[in-house]
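Here come two complexes built around chain A, the first alongside chain B, the second alongside chain C.
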Partner chain A sequence: MPDPHISVTLVNELNLLAAGLFLLATFGLVATRQVLDCVALFAGQSVLLAASAALLGHEAASDHLYAVAAITIVAKALLIPWLLRRTASEAVVARREISQVLNIPTSLLIALGLSILAYFLAAPLRAAAPAGQVGVNLPIGLAALLIGAFTVTVRREALPQVLGLLSMENGAFFAGVAIAPDLPLFAELAAAFDVLVIALVMGLLTRKLQERAGSTSVADLTDLREE
Partner chain B sequence: MIVHLLYNVLQALVVLLFAPLMTGISAKLKERLQSHRGPSVFQPYYDLWKLFHKDEIVSHESTWIFRVTPYVVFVAPLFVALLIPVLTDYPLFFAFMGDMLGGGFILALGGFFATLAAIDTANPYGPMGASRTRMVGFLAEPVFMIVFFTVSVVAGSTIPYIVQQRWVHPPANFFDPAHVLLMIAFFMLILAETGRLPVDNPSGHFELAMIDESKGLEYSGRGAALMKWGSAMKFFVLLCIFLNVLVAPWGLASSQNLAAVLAAVPLVLLKMVLCILALVGVESSFAKLRLFRITEFLGAAFVVCVAALLIRLMEL
Partner chain C sequence: MVLWFILILPLIAAGLALSPSRHRTVPGGVTVLATALQLLLALAVAGRCASGATVTALPAWLSCDAFGALVLVLCAFAGFTAALFSIGFTRRATQPMEAGRVRRYFVRFNLFLAPVLAVPLFSNVALVWIAVALTTLLSIFLVSFDRSTAALEAAWKYAILTSMGAALALFGVLVLYWAMRQGGAEDFTWSGLAAAAGAMPPLLVKTAFLFMLVGYGTKAALVPFHSWLPDVYSQAPVPICALLSVVETTTLPYVIVRLLPLFPGKAGDGAGRWLLAFGLLSAMGAALLLVQVKDLKRLFAYSTIENAGIILAAAGLGGAAGYGSLYQLVNHALAKPFGFFAAGAALLFAGTTEIAAVQGLGRRSPLAGAALLAGALAVTGAPPFALFLSELSILQGGAVDHRFLPVALLTLCMVGAFCAVLYHVTRMVFGKATASGPVPAFPRSYALALFVAFVPVVLLGVSLPAPVEHLLRLAATALAR
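Moving on, here comes the complex of A and B:
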């Protein structure tokens, strides 16, 4: 229901702000040392994705996007963090610091480079799209996708790697809500459910890892063994 | 014209008179938040009064730099107060004499002399604090530069009076992501530059762990008073730049008459108290970072700032 009192520029500006904070949350996922903070940042990132979807839905008067926002809030901001905390064992959650392959300033700078790359990657796509439709969502979504992949490679712990994977998925959605505002709701639901299952499986996997190997550090898992 | 000149001097006077009050309020709020009673908010004034009435001792080994430094540290923020909007949202007499970069240089001059003076006396703690301050300083410098570049890209100018209007005309501009990210980055810079908690502990009394405080250990009497007053004014001026230039010109006088300008004083102080409340909240909820973690803190500020620039590019 478009509200005539809110001007289009304000909605646009708020969407930009959501995009900026979304990028910041993605940077945070690369740079945060603590597992619980990472989970909280992922929840925040998902809330911003929902906000952007709702704002775009307001602008395009599309009920689909409101539905996307609602699904995102329920599945990614509430259920997945809860699931990850429940399934991952105490030892994983209580560990204060995550070890990284690169130190934090370096990985932040690389993440920054990746987002500049995303800007240049998105430029020809934006030029091809109808004017003013894709906006800022496409480059930011691409940036989150790339930084998520980078998080997976740079983190040595299983749980933050899962979060990197989920943040890639969030990035794809962030670009998606701007490109395809009328995506069938069914696809949306299927994707959200998929992600939920992924989170559950990965959470259980890290729990098993912790039980069997005494650690979720990927660096320690170098050889396969049959028991 | 002459009115503008007078208002400009009035701004400097406001900075001079109210800076210790803000320091006192900051100390009081911090103690209250930690369930202590804390000293009176006027304690910095009592301290200054006491120090001005004490004898000054200057080491024979020190040079003229040691004697000149308190005056440089004291005067530098007053010059900056002439350039930035403290009370009005229209340009005053000296507004176009220097931009934000110029103000930054003047503040850096004070810091530079304080560093030299700390080395000058050959007190073992002085050079240690000085080198640490320089370390924080050179990490903060690129962030300052990127803040100014982003401001100049977004607002088309680095004159503070022009920049402050950009964020509220039209009002939707306030939510410009570049603006919000700049605010976050500059807030982190204030924490680092004024020696506040995640970076440095201003109330610590252990010389080996000091960053900012140990530079002034050798001063006594009038020199110590001027150094204290100078750093209080630097804090006040940085808050002015943050609140009036980078956040929004709310509460500033927009008309030329004296009553409006005087009415802006309590509003600006109120804004500052709110900001100090946020600073104190941060200070009470974080532990001090290890020395080599400071790179991460300021690296994060740098990334926030570049992200602001990047978003600005993507908007276009």
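Moving on, here comes the complex of A and C:
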């Protein structure tokens, strides 16, 4: 069924591909148990975000979006994985997560449900303001936002929780490159700075958890439960 | 120019506190001086805003109006008193050899203040979001100052939950930008948005509002997103509790309430209803949870949630209660640090924050006992203190507008919280002393912080000075819709 909101050109096709792969990477973050693979998936997701920004920039002939793509590559695809590996110790990064709140098939089914929900939530919004690639980027970005939140809640290991958090931000920006393409560049830079601080602070906190609690399993943190 | 100074001062102070010195008092002294200077500058800005002017340093990026000035002064004042208290706190919480730890504490303290003071000064809504996100990130290691795993657990919960909220709010900010562009406006500032309110697609504005309400609401610890707050306050150092409490009940209501003018006419009622619902739920939930509290710092933590709820509910009522909402915001931000400092003093003499384990605090240290009792009365809005007047003004305002059900529910929360807090605190203050051993001397910096924090609570409880009332009236126009 052709969607009237999506016009078919090569750039649009490529953006659709990037969006599909972006969602796939987000699903991957739910299902992957190897911490190192999660970091790689996040880097891949960030590259796809940058790709979508560059494609939309090409379509609108906007240097601004090219700059956003460059910022995303440097901050999220390169610096954050490096920071996380540097701050969290080897033992954390190499860990394979055994305990999980929900098994992988159930998690994936819920993630699927969330993407369908995101599609229906986004539908009236893009009808309210139809514009270009919004039809692709808004539902996918919203889906990544929701799935990221879900990842944070089901993960029991510190670093995957952080990656879920960062993928939420990626989701918001994936929608952002379509709905707010001319957001002041200074704000984009500041936002990149913000995610870097997240990675640094949470990475250091993970290291402290490892040192003091001897584990980075968030499930073991139950001292503060109120009776 | 003065706005730039306020922004840069915490960073300079952090740099100075970092300088390695053999004297342990240097970082604390630098911090107290810097926060005192910030407070003076903030008061100067407020003075200019009270005449109805907007202080602008960089159009569309950095400016301050009456509402912003109110939040600025409150945060600067809390920063100053918390810095005073921190001097005595760090001396007691660390070993003589741990000068580095004290230094790190004050460096982080100053770094934390920078985004806090930036929230009311930034006018670009995207930058405000970043400042709010940074207030969490830069306070994480202050929360985990105590080296226990419990403190780390609290810091982790705090970081994860409020950052999730920040991501949701980010989506809201981006949708709001979209709505603004659809409305044909250029200026992504609070005033620019309010000017474009009529032209923006209502559905987009409402979506943005809800995402930002839930996102920022998580950081403001609205029920049901509040679970991290009592854990954090039970673990964080006392001065940090005081500061966090003020930040959460001033800057977050500020960024949420600033969205109200985006709903012109009838739509404002819809947005107001959401605020009212979340506010009432928070106030009632916190009032109920206050009954079962077993820890003194958690007691004040739930009181913070309750007050955040009252502030937002009153803002949602609008009309005459809208003024009361900001009045409550001011009075709570002045009273809560005093409450936490009193709890800190009580902890020093009782040796524990467990409520059931402490009795007869007043016999062991009359000053600490009196302070705790006064703190409990001040934060729950008992008559001689300022919160009583603002709570009354909210209830009156709601009754004038014939909103009797919310008024009745709010009254119930206020009375319930009062009884619960007083029940717990009187058990600690009166009776036979449980703790034994030599009574420590009352630290001078504790006494000074308590005194400085106490003065405005009492003064504003007697009457509202004309300049403050003028500033409040001007700020309340920001809620008009």
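Operating definition for what follows: the second predicted complex is superposed on the first by the 211 of 227 C-alpha atoms of A that agree within 3 Å, B and C clash if a C-alpha of one lies under 4 Å from a C-alpha of the other, contacts with A are read in each partner's own complex, and residues count from 1 in each chain.
Basically, a contact is a pair of C-beta atoms (placed from the backbone, for glycine too) under 8 Å apart; a residue touches a chain by one contact, two chains touch by 3 or more.
Values in this document were obtained by computation on a predicted structure and should not be read as measured data.
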Contacts of A:Arg212 with chain B and chain C, given as first, second, both or neither: second
Chain B versus chain C as contact partner of A:Gly57, first or second or both or neither: neither
Which of chain B and chain C A:Pro160 touches, first, second, both or neither: neither
First (chain B), second (chain C), both or neither touched by A:Pro81: neither
Touching partner for A:Ile179 - first (chain B), second (chain C), both, neither: second
Partner touching more residues of chain A, whether chain B or chain C: C
Shared chain A surface residues [contacts with chain B and with chain C]: none
Of chain C, residues touching chain A in the complex: 124, 126-127, 130, 133-134, 137-138, 140-141, 144, 147-150, 152-157, 159-160, 163-164, 167-168, 170-171, 174-175, 177-179, 181-182, 188, 201, 203-204, 207, 230-231, 234-235
Chain B residues within the chain A interface of the complex: 170-173, 175-178, 180-181, 184, 295-296, 299-300, 303-304, 306-308, 310-311, 313-315
Interface residues, chain A side, partner chain B - complex: 7, 9-10, 12-14, 16-17, 19-21, 23-24, 27, 31, 104-105, 108-109, 111-112, 115-116, 119, 122, 136, 139-140
Residues on chain A engaged by chain C in the complex (per definition of touch): 124-125, 128-129, 141-142, 145, 148-149, 152, 158, 161-162, 165, 168-169, 171-173, 175-176, 179-180, 182-184, 186-187, 190-191, 193-194, 197-198, 201-202, 204-205, 208-209, 212-213, 218, 221, 223-224, 226
